[in-house]
Amino acid sequence: MPDPVDPLATSRAMWDGDAASRALGMELLDLGPGTAEVAMTVRDDMVNGHAIAHGGLVATLADSAFALACNSRGRVTVAAGFDVTFLEAGRLGDRLVARARETALRGRSGLYDVSVSRAADGVVIAELRGRSRTLPPPKE
Amino acid sequence: MPDPVDPLATSRAMWDGDAASRALGMELLDLGPGTAEVAMTVRDDMVNGHAIAHGGLVATLADSAFALACNSRGRVTVAAGFDVTFLEAGRLGDRLVARARETALRGRSGLYDVSVSRAADGVVIAELRGRSRTLPPPKE
Amino acid sequence: MPDPVDPLATSRAMWDGDAASRALGMELLDLGPGTAEVAMTVRDDMVNGHAIAHGGLVATLADSAFALACNSRGRVTVAAGFDVTFLEAGRLGDRLVARARETALRGRSGLYDVSVSRAADGVVIAELRGRSRTLPPPKE
Amino acid sequence: MPDPVDPLATSRAMWDGDAASRALGMELLDLGPGTAEVAMTVRDDMVNGHAIAHGGLVATLADSAFALACNSRGRVTVAAGFDVTFLEAGRLGDRLVARARETALRGRSGLYDVSVSRAADGVVIAELRGRSRTLPPPKE
């Protein structure tokens, strides 16, 4: 159960139970109010025949950072959807870092922007904009 | 090298080399001009702590169907980006089917809509709209 | 006040009060449960210097059809946002027709797809996907 | 013809010919490399029956700022599409300011983010993300 005195507890509990992100080798680098930073290295089970990262998995990395950021306010929040633009190909062996930040939060609706960059040179390879929806508090 | 007499050869060659989709257990069910159907079962390394499929992986399934559909015209085509809306949670053990169809193709730009549904009851759990860009033919 | 026996009354009342759509010369052609059809002719105050319709106004036409469609269930509903892709230029004098249909409706969230085509030849010039949110009923 | 020594000339020429933005009373406040700022006041021919600005017209304001920003590099560039999220209603009489900035530019593809805020209190009422495509130079 989330710690009422620590708003980041919701994100931390979510991350601890996130088998999918763990199976993809993701590391949580940083977490703050409305922000999160997650890294992933492109493995050989994440690429297509041309040694290029599957776009869906690049989006999955960004989506994990988005989920952490939108749950960092202490209320359980789900992704309603996202839009992603691919700017460059990720390649086998690239370490990728996704940085999420809160662009807007109004009532129970939020908008989060996530940039995915290559750790080696800092070049942004994808931009994701996520739409979140906070769940109503459980009835007592 | 794609067979010039079979426009679907580009998609088939792409699928054969797609280690990422294979690692996620995806199966190609159907492929036609501008269309593709791909299935995936939600495994325990694809869920979070609440036995709910990671949204990024649901999008990855839809993205694979989109990639097959937009390469089915015999020209190498890449995803420029996509927008996805999550309608229902996918759950551990659910067999999901993504069906992609071409909504528009103008010159080198395409728009593809993908519905992801649960095989058990046919309920649509996500809608993805993908934007594609065909690469210029290689210079001789 | 909407007629409780006619679910389309919410859309009709909205349209009657919509000064913006009227000022742009829009005509309501058809309205049904989850669908709407609206026409607009590209005037000389809707184009740029190259006699091409302002993309924002093409989106405005589609947004009006979206608003009518998502209010056609008898509950007051607002647009949370939309994504639009421009496929062809609209031109001065073109009569454009926007056709909206419901792609998904789950609880208070809806997804509507709108195609904008030229009346003269039926060619689709834009595709919009709208996200709607039904307001909670007013408290008594 | 654009002045080769002034990259902003493409945007300025476009703005001078933009009858649609002028008819909506838009004012160009600022223009720079990759940025633009445009204002518009919500008139009574821009609202619906509840004195709320038509979302399409709020998007049109943002789209005008996006068009100016993406043409500010001296090359003729068109909008391929955009995604917009509505955060608050614009109201009759509100002066709205749209600020566009370049988020990414790779080859001929660009990504621009536009925030629309109320001048009175600075509150952001909409966020638009535009996708641009630079046209190939005319053949000689």
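Chains here go by letter, A, B, C and D, matching the order in which they are written, and residues are numbered from 1 within each.
Rule of thumb we're sticking to: a contact is a pair of C-beta atoms (placed from the backbone, for glycine too) under 8 Å apart; a residue touches a chain by one contact, two chains touch by 3 or more.
Computed from a predicted model, the values in this text were never measured in an experiment.
Q: Name whichever of A-C and C-D has more C-beta pairs touching across its two chains.
A: Pair with the higher count of C-beta contacts: C-D.
Q: Have a look at where chain A meets chain D and say same if over half of the interface residue numbers show up on both copies, different if under half do.
A: Comparing the two copies, chain A and chain D contact each other through largely the same residue numbers, since over half are shared.
Q: Just give me the whole-number Å value for how far the CA centre of chain A lies from that of chain C.
A: A distance of 33 Å separates the two centres.
Q: Distance from the CA centroid of chain A to that of chain D, rounded to the nearest Å?
A: One centre to the other, that is 29 Å.
Q: Averaging over Cα atoms per chain, report the distance between chain C and chain D in Å.
A: Centres of chain C and chain D (C-alpha means) sit 21 Å apart.
Q: Quick check: what residues of chain B touch more than one other chain, meaning two or more?
A: As it turns out, chain B has residues touching two or more other chains at 80-81, 83, 85, 109, 131.
Q: Tell me the shape of the graph of touching chains, choosing from line, ring, star, complete and other.
A: Its topology is that of a complete graph.
Q: Enumerate the contact residues on chain C facing chain A in the complex.
A: Against chain A, chain C makes touches at 80-81, 83, 109, 131.
Q: In the complex formed with chain C, which residues of chain D make contact?
A: 13-14, 16-21, 23, 44-50, 53-57, 59-64, 67, 78-86
Q: Residue numbers of chain D touching chain A in their complex, please.
A: Chain D reaches chain A through residues 83, 85, 87-88, 103-104, 106, 109, 111, 113, 124, 127, 129, 131.
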